[in-house]
C-alpha cells in the first residue's frame, strides 16, 4: 500500500516539477519575498506512522494561513458551537483580506479561514491567556501534532508581519468597532502575527493534519484531539473556504478539504486515509501555490482519494 | 443493510416531524404558495434498486433549483471544461438571485447553481435546439434517470414562473449585455422556467441522483451517464454552492453534496452509497427546507455517511 | 453685455479647440459611433432672446441623457414631491448604468439622472398615456422650449438604442421585480429609448434650458413652465448627479448645474443669467465630453458665473 | 437689510422650534450623548460684521465634522490641486464612515468630508509639524476666523473620541495599507480626534465661515484667506458631499453649500451674502441636525438665498 502511495507521490511530484519556478512568490511581507522560488516538497503522512515524501519535504517554510486550521481546532474545542456566534461558516466570495463583507454583515467575518475570521478566532482562543501564552500554547500543540519539538516560530517573519500589518490592523479595528473582539486589538494581532509565522516542513505539516483525517483522533498516539463532530465541521469549512477565492476550483480539481498559505504551502486531508502537505513558493493569481495545487490534483485523481467519488 | 438504513430514515423522519409546519412556504411564485406546509417526505435510493422511504415520499413536488444539477450534468457532458468559460465554480457569498457580483465580474456568474449561472448553463445546453426541444431533452433525461415516465413539467408552475420573472429577466439581460448568453434572452428563459417547474417525488428524485453517487454511472442500468471526472466536479460544486447562502452551514451540518430548491426539496449525494431526497415546503430564512435539512443532518450523522469523516 | 459674453464664448471655444479630436466617441450604440469626432459647437442663450455661439452650434446631435432633465421637469410638475417616492435625489457614487445600488436599496434608483432613475421617471411620466403619446408630449415640449419645431427624434438612433438595450432592459426588469415601475417594462423602455434619441443643436438646447435659469419661467415667452421650487430642485439634482461619476469634478471645475450626454453634449444652467450648451463627441473616461467640459470650465471661470462665488 | 434678515432668522427659528427635541442625539461618543436635546441656536454672520441670532446662538457645542471644512481650506491652500491625488471630490453614495469604497478604489477616499477623506486631509496638513503643532495651528486659525480667542478644544470630547475610535482606526490603517497616509496612523488620528472636538458657538462658527462666502477673503479683516478658486472648490465639494448620505436632499431643500456635524451643528455658506450656522443636537436618520436643517430650509427659501435660483 505504502509502496503504491509512494509511486503516486513520485508521479505527482514529477507533474508539478514541470511548472516549478512559475507563479509569483508572495512579496507583501518582505521576509517571504526572499524564499527560493524553485523549492518544491511533498509529503503524505499515513496512519501507521509512515511517510511518502518527495523533494524538499524536510525543509521548513512559513505555513502562514495554514495555521488558521489549527487555531480553529483549538478554539472550536474550547468554545463549541458558540464559536460560530463570532465567525460564520460560509464562503465569502471575496479575497482573503477583503473588508467589504464586514461592513454589510456587522463586523462578523464569513468564516475562520479568511484573515478577519482568523483574527477573531485567535482572539477567542486567547481567552484568559496572555498573547505570549497563547502563542506558546499553539506552538506546543503544533510540536505535539507534528511529533517533533523542532517546529518553531520564525521571529523574522513574525516581525516582518507586524511591520506590514496595516490591512490586518484595519480588519481588527473594524471588528472591534462592532464589539466582535474580546481582547484589545494589539493583543489579538500580536498572537495572530506569530501564529502565521510558524515554520514547518511538509513532513511535519502532513503529520500534524492526521487527526483531521481520522475523526479528530491522532491515529499514531490514539489521542482524541478534537471531537469527531468538530473534525467534520473543520473539514467542511476547509472544503468551502480553504483557498481564498479559488476554493471552488480547488474542490473541483483536487476534491479534498485543505488550506493554502501564501508561503506556498497547502495542507489537504483525505478522510480515513491520511494527510498530504505540499510546498512550492510560486503562487497563482489568487494566492494558492501553483505547483502545489497541480501536484495535489494529480495525486488525488490518480490515487482516487477525492471525497466526491 | 437496507434494514438498518430503513431505521435511520425512520429516525431522521421522526426528528424532522417535530418541526413540521415551521418555516415559510415560498410565496414569490403564486403556484408554490398554495402547497400544504405540513407535507414531508424522504427517500433513499440504493444502488441495488431498493428504496427506504418515509412520509410523502411518493407525492410529486416542484423541484425548482434542484433541476440545475441535471442541466449542469448535461451541459458539462456536452461542453466539457469549456463550460467554465461562461460560468464559474466559486461560491458567491450572496443570495441566489443577486446581481451585484455580475456587475463587478463582467457578467460571468460565479457558479451554475445560482439563478444567473443556471440561466447561462441552460442557455448553453440549448445550443442548436429550440427551447421546446431542450425542455423535451431534459424531461426525457429526468424520466430515464428516475426510471419513471411519470415525471412531468407542471405547466401551471411554469406559467406562474414566467409571469413573475422580472428578477430572472433582469439577470438574463444583464448577462446578455456582457454577451454571456448565446441565445436570445426569451429563448433561454423560456427553457429555464420550464426546467424549474419539473415535478417529481422524493423517490423519483433520489433515484435520479444515483449516477452522481457512483462516478457518473447509473448503478442500476450500468449506463455511464457522465464521466467520472465531471461527476466529481458536480459534487464539488454542489458542496460549495448548493444551498444559496447557507451552503457552508449545510456542508458542516450534513456533510454531503446537495442541492436545495425553493419548493422545499433537497437532493443529497452520498458517494459510493446512494442518493437521498427530502421534501418539506417550509423554508428557513435563506431558502432551504427547514425540516428537510434537519432530517438530513440527523440521517447523515447517525448513519455516518458524511464525506468529511 | 452680449458683446462681452460673446468674447468669453470665443475664448472658451478656442481653449477647447486645442483638445478637439481627443477623447473617445461613444461606441456602445452603433449609430453614435459614426459621429465625426472633430465636431465642436457652443451656444449661450440669454433671457433677451439673443445668443452667443461658436463652431458647430447649429448642427443637431443626439442629446441622449440630457433629455433626462426635461423628462424630470415634466414628471416633477405632474407628480410633485411624490415623485421622490420612486426615485431618490442622492448621488450614486457609481457609474451611470450600475445596478449594484438597486439591489441594496430595494429597486429605488438613487436619482433621476442615472439610467435606472431616468427609466423610472419616464415610466411615471407615461401615466395614462401610451408610450407613443408620451414621446409626442415630450417632443412637443422640447420644440416649444427650443422655440423651434425642427427638433426631432432620430429614428435610427432610437432603433440602435433599442437593439443594444440589454443593460437598460436589465435595469428596468430589476426595478419591476421590486414593483417600482408602473408600466410594463416594454412600454417604459419604448418611450425611454426614443427620448434619448432626441436630436438638437447647441442653440436649440441652450434655448430649451432657459426656464431652468429663471425660476422655472421661460424669460422669452414669460410662461411659467414649472414652479420656482421645482426649478431649484432640478438644478440641485443636476449639480450633485448630472455627470455620472465625475459630477463632483464638474461642480468643482465648472461650478454650474448641468447634465452630460454620451452623445457629447452638455447643458449647463447659470441661474439668473442664461443657459449654455456645448457639444463635442469625444468623451473622457467617465462619459462626459472632454472638450465640452474644458470649454465650460474656461467660460464659467472667466465670466464669473459659478454659483459658488 | 439686517432688519429683514433678522426677521427671517426669527421666522426660521420659530419653524424649527416646533420640532425641537425630536431626532436622536448622537451617542456613539459618550461625551456627545450628554448634551441637552432641547438646545437650539442660529446665527447669520454678515460681511459688515453684524449678526442676526436666535436661541442658544452663543453656547459652544462640538463642531465635529464641520471642522473638516477648515482643515480642507488649510490643506488645499498648502498643497493646491495636488491634494486631490490623495482624496477625491466625488460624492460617495455611502455613509460617512463606510470602508467599502476604499477597498474598490485602492485606499483613496471619495472626498475630504467623509471620515476617511478627512483623516487623509488632516494627515497631509500635518506635513512637517507634529500632531500637537497641527492642532495648535488649526485652533489658532479657528480663533482668528471666529475673531474670538475663546474658541477651544473640548478635551473631554477629544478623549472620548480617541477611546471610541475603532472605526476611524480601521479607516486609517486601511488607507495606510495602500500607502495613502504620509504620517504614522497614530499621529494622523491624534490630530484628527482633537480637530473634531473643537467647540464653538453658532455666532463664532458663522463668523468663521464668512471667508467662504466672499471668494476666500474675510470681508471684515479684508484678509485673503484662501484663493478664490479654492473657495469655489470647497463650496462645490460641500454642496455635493457635505451631509453624508443626505447631501442631495440638503441641496434640494436648502440650496446652499454646507457641512453637518454629528454634534448637531450645520454651517452653510451663502456666496456674496453671508454665512449661517445652526445647532440643535437631535439628528435625523443619517446624522444631520433635524431641527437645524428644517430651520435652514425655511430661512434659505424665504430669504431667497438659494444658489439655484
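All chains are identified by letter, namely A, B, C and D, in their written order; residue positions are counted from 1 within each chain.
We take it that a contact is a pair of C-beta atoms (placed from the backbone, for glycine too) under 8 Å apart; a residue touches a chain by one contact, two chains touch by 3 or more.
Treat the numbers as computed from the prediction; the structure is a model and nothing was measured.
By that same contact rule, can you tell me which chains touch chain B and chain C alike?
none
Comparing centres built from CA atoms, which chain ends up most distant from chain C?
A
Taking each chain's centre as the mean position of its Cα atoms, how many Å separate chain B from chain D?
From the centre of chain B to the centre of chain D is 55 Å.
Return the distance between the CA-based centres of chain A and chain B, expressed in whole Å.
Between these chains, centre-to-centre, one finds 32 Å.
I'd like the Å distance between the centres of chain A and chain D, where a centre is the mean of that chain's Cα atoms.
Going by mean C-alpha positions, chain A sits 47 Å from chain D.
Pull out every residue in chain A that's touching 2 or more other chains.
104
Show which residues of chain A lie in contact with chain D when the two form their complex.
Counting only chain A, the residues touching chain D are 98-100, 102-104, 166-167, 169-174, 176-177, 185.
For chain C, which residues count as touching chain D in their complex?
On the chain C side, the touching residues are 88-94, 101, 110-111, 215, 228-229, 231-233, 235-237, 239-241, 245-249, 251-252, 255, 257, 271-272, 301, 306-309.
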